[in-house]
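So, here come the structures, one by one.
Look for subunit A in each of the two complexes below; its partner is subunit B in the first and subunit C in the second.
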Partner chain A sequence: MALKYLDKYPKNVALRGWILKPFFTTFKNLVKTTIRRPVTILYPYEKEWIPDNYRGRPGLVFEKCIGCGICARICPTTCIELVDIEDEKMGAVKRPQVNLGRCMMCGYCAEYCPVDAMTVTPDYELAAFTREELIYDPYRLKWENTTKGMEVKMEEHLISNLEKGILDQPSAFYELDRPKLIGEKCISCNRCAKTCPVDAIEMVVVGENEKGKPIKHPKIDESKCVFCEQCIIICPKDALEINEVL
Partner chain B sequence: MSVSDWVSISDSTANKVSPYEVYNLPYAIGHGLWEIIGGVIAWLINIIAPGNRLSPFLIGDFVTNMMGLFIMVVVFFAVIFIVNLTMIWIERKTLGRIMDRRATRIGPLGYLQNLADGLKTFLKEHIMPEKADKKGYMWAVSIVIGSAVLIAGMIPLSPRWFLADYGTGLLLIFGIFAVSPFMILVAGWAQNNKYSLIGGMRAAAQMISYEIPMLLVFASVVLMAGSLNINEIVQFQMDNTWFIVPQIIGFVVFMVAATAEAERIPFDLPEAEAELVEGWQTEYGGMKWGLIMLSDYFRGYVACALGAIMFLGGWAIPFMDTLVLPEIVFLLKVVLLFFIMVWARGTFARIRTDQILNIGWKVLLPLAVINLFIVVLLKIGGVY
Partner chain C sequence: MTSKMWVTMGPQHPFSHGLWTLKVRVDGEVITDATPIIGYLHRGWEKECEHRTYPQIIPMADRLCYSASMTWSHLYVMAVEEGLDLEVPERAQYLRVVADEICRIQSHLMWLAAMGTDLGNLTVFLWSLREREIFLDLFVKLCGQRLTTNYPRIGGVRNDMPYLFERDCMRAVERFEKKLWDIIALMDDSAIFLSRMQGVGHVTRKEAANLGLTGPTMRGCGVDFDVRRDDPYEVYDLFDFEVPVSQDGDAYGRYAVRIEEMFQSCEIIRQAMAGMPDGPVRVKAPRNVPAGKHFARLEDPRGEGLMYLISDGTDRPYRLKVRSPIFVNVSASKRLVLGARMADVPAVMGTIDMCLGETDR
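Up next, the complex of A and B:
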């Protein structure tokens, strides 16, 4: 009778040790954790191991930054703002200021920074008492001991390259497009050359006007250009244009 | 021996009946302590005012015996209290390890966590629901806590470590043990809260279904030992075998029913925190809640102590006729049984409401009756 019952229900608890099996399971776990200690990490006293490129708050290498403003434009939450500051060594410069209350630690600013001045940092303990404390000015944003892993490089495989079968030539985004000059509109004002953060623009004499004064047009050094669009923004006559890929 | 006997005899620590040097160790401790403390106080008073009448009174027989009794009660309670704190610590640590996490953190090995929790609950505000029945609200919980502490004080730790040696023994303990679920029903009603009322009802249902198998097991133990007195039951087990050998079914039934009576997981339906907010304790806050928690552990201690006395030979060491440190041996057995309870708590999920009555009446009661039959057969057959 009893055997028939057991045959009818092969998954019967009586065949699986009834309550003894869970007892055994918990006892095994008890012995195991008593020997090797629990996996829990006591946070304020112990900290988890953090990889080199951990995406904590953004950091800034103050001297490297060229103030191009790509980070401010690429930021998905618009938490980065370029501010004018008066530095003791560098004079009047533009540097990013980050509102960490809005920052979502995506690391795009570090990816898109052409000179690797904006980095990701392993700093994740960002609690503050007020919202104002969360706005990090450029000096507070500085990060010493920047390692190579923190400089996030963004490299893309172009579809045109992949179609050609070239798989080992990733290219950075700022190598893709350059500002172009529309010659008739230029008034030779020289502002683009002044504002260029990497001195890629040189004014070249292309001719003379009726009064005999030289007409200068900007000539862009493609190897230096970082695609920051500062010249396009500053141009009073919209003489420079770009195919925006950002 | 009554209180007046204690107070009036001159040399109350002398050995008269028991095989030990002292009749009652806590009383001897209290007596000796008051001889030192009272002696120092009397000496200091005598220095300030020589020849006064207070100093001889303080070191006289009456005051010494009274203060000896007082300190005896304090010492006895302090030992139980420390044992309970240790048991809570064991429970939290074991559960933590079973769940692969760190448990208590404060103090050496986390031992002082319970004191920290007690201090925290002590600092909380006293809140009472506006429409609660005030008398029922306070009196019911007082009786729940008080009865738990009372039965914990009624358990002797050894033949020389007890508060009173009384003939009714286990019967009285089981009687007071059963008061608490009824008072839980009263408390659930008095709080004017549906969750606590459901919790109280469940406590009553559980009490009805689990009290009977437990008392049947208790009856079979008493039948086998032929006495209700705890000392005599343990002495019988020392002379013969431990009752766990002939009554293994009774032991299992008793442990399950005692877990249910102490309202511990998996039988904690009256305070099922997943279904009823905190069960019958929902409206109790602050130190009231803390004391309810402590009284739960007192009841758990009593259940384990009864198991150790009735089945594991109390303070006896196996295959030895003499007693070596009987208090320590007894407490070790209690802690062992408590560890099994904690282990079961870490293993099982809570039993469903519709299952408690089935398990109580259809499983435990027949097993208890079978156990009683075995005992009766053994008794008739002349084995014991």
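Up next, the complex of A and C:
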């Protein structure tokens, strides 16, 4: 089989203009580069244009964050961990701390964040003298000027919706998936309600045991829940399980 | 008097792009035996994957090969979607095809730059890297990064096309099709280049198939096979494109096939942009893959990539095997360089476009 494009290139030197063609190319480039503006930039003073969704280091909007820990679990290199901090306005809260020495700028923390607190930022100049400097605590991780493109939204469509022909209802797993209780396993230990970052779990009395003490089961407020799976992980008897909506 | 001796080329040698060694036995100038030694870049990639959930492996698959990151993560999500039996929205398939072809062009330009310096033509290096920047800019707009794209997701792609991306894409393709002739002129007009490429590293059609060569290396030897055409994945069966095959079988044939593939990729991008449908770009994928064995394959810029996934019903793979094209192609290096001169080795091994990240994994 012949080559479609490269065979068009004339094999005869005379048809290619022999030595005149390289001369012509060189002079064309010379004239062009003299007239036109330079293509290089003076790097530290000028910076190249980068789009909004550029995946630099992760940034944090401190007020929006609820400390749910989804970013810490999805991170492929486990560079995010939740640390306890004492904030002036908010009191004792949990906020993510990022080890940028390990971060590979995949942008998953921004994509999976249910409240758009983690964002991708256009900050790529991260050189430091020591490895400790690369560990960004929540205050250093703050990014104030967040624009709309930096909050990467996860717009997933349900397969069941697509089959029905509904094309305009994008959602995400944290809006749909909810923990499900297996009643007989629950031992009324209250740990899920304590650990829930958005206070979506309330313990309600469902009956009495043989000693006369109340049996409490968690009741999940579906409008508050962001499906961070903290309750599922902490449950000592695996009484909560993932209920996926597809 | 003839003296036979072993010469070790690499791991730090200008001809070995990446860390690998080619031990050759020379009889005077003629090579009589050769052994490739790889494994300097082994990172335990396949074992690492067994400790990560399915979405977490996508950015890792980018790191298999820096210049073909899009195709490798695409291959991985194809293998998982095969296991989930998931139907990807049509717009996402088109976007993946566009990103794949941009990736193919920039990977081939990277190869052309390396090939130019191997044969002592630095202008080829500068010009082809300049053209490559245009396509990396497209990647920045589409995915947010230049090399590690992290664009495909299980069940679609990360985000939709940005505003005016179609216009930028068309402009880049149109400009590139004109500029590539300049680079071709640098290579094909040069008698030195032709005499170093033509007739060296000759492999017949039958031998190429028996050695297991894939990709442009195989098509440069006359075997007419392309996964995009013969086992179409995504929406490749809707596009009208030719698979370039050269009957030469030498280093020049493999060079010609790669140049031709860049033109064909431009053609595919143009058709894909024209036929891009509207609609969603991502569907929600279940987190657990049902137990079973699944595989997917696609046409990498370097050859045929294949991933074999064994899942056990949890959210982590039980085993993920990568069939890397270069791992097979480099094993044929003995046959390729046998009988050539010492100075032909860069020209011959340059045409298989080494990438050690995917070879050693």
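Convention: the second predicted complex is superposed on the first by the 224 of 246 C-alpha atoms of A that agree within 3 Å, B and C clash if a C-alpha of one lies under 4 Å from a C-alpha of the other, contacts with A are read in each partner's own complex, and residues count from 1 in each chain.
Keep this in mind: contacts are C-beta pairs under 8 Å (C-beta built on N, C-alpha and C of every residue); 3 or more make two chains touch, one makes a residue touch a chain.
For clarity, every value in this text was computed on a predicted model and none was experimentally measured.
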Of subunit B and subunit C, the chain that contacts the larger number of subunit A residues: C
Contacts of A:22 with subunit B and subunit C, given as first, second, both or neither: both
Partner chain in contact with A:30 - subunit B first, subunit C second, else both or neither: first
Touched partner set for A:214, first subunit B, second subunit C, both or neither: neither
Contacts of A:40 with subunit B and subunit C, given as first, second, both or neither: first
Subunit A residues contacted in one complex by subunit B, in the other by subunit C: 22, 25
Subunit C residues within the subunit A interface of the complex: 52, 55-60, 63, 86-87, 89, 140-141, 144-145, 148, 150, 155-156, 158-159, 162, 181-182, 184-185, 188-189, 224, 242-247, 256-257, 259-260, 263-264, 279-287
Interface residues, subunit A side, partner subunit C - complex: 1, 3-6, 9, 13, 16, 21-22, 25, 50-51, 53-55, 74-76, 104-108, 111, 120, 152, 154-159, 162, 167, 170-171, 173, 176, 242, 244-246
Of subunit A, residues touching subunit B in the complex: 19, 22-23, 25-27, 29-30, 33-34, 38-40, 42
Subunit A partner contacts - residues on subunit B that touch it in the complex: 94, 96-98, 100-102, 105, 343-344, 346-348
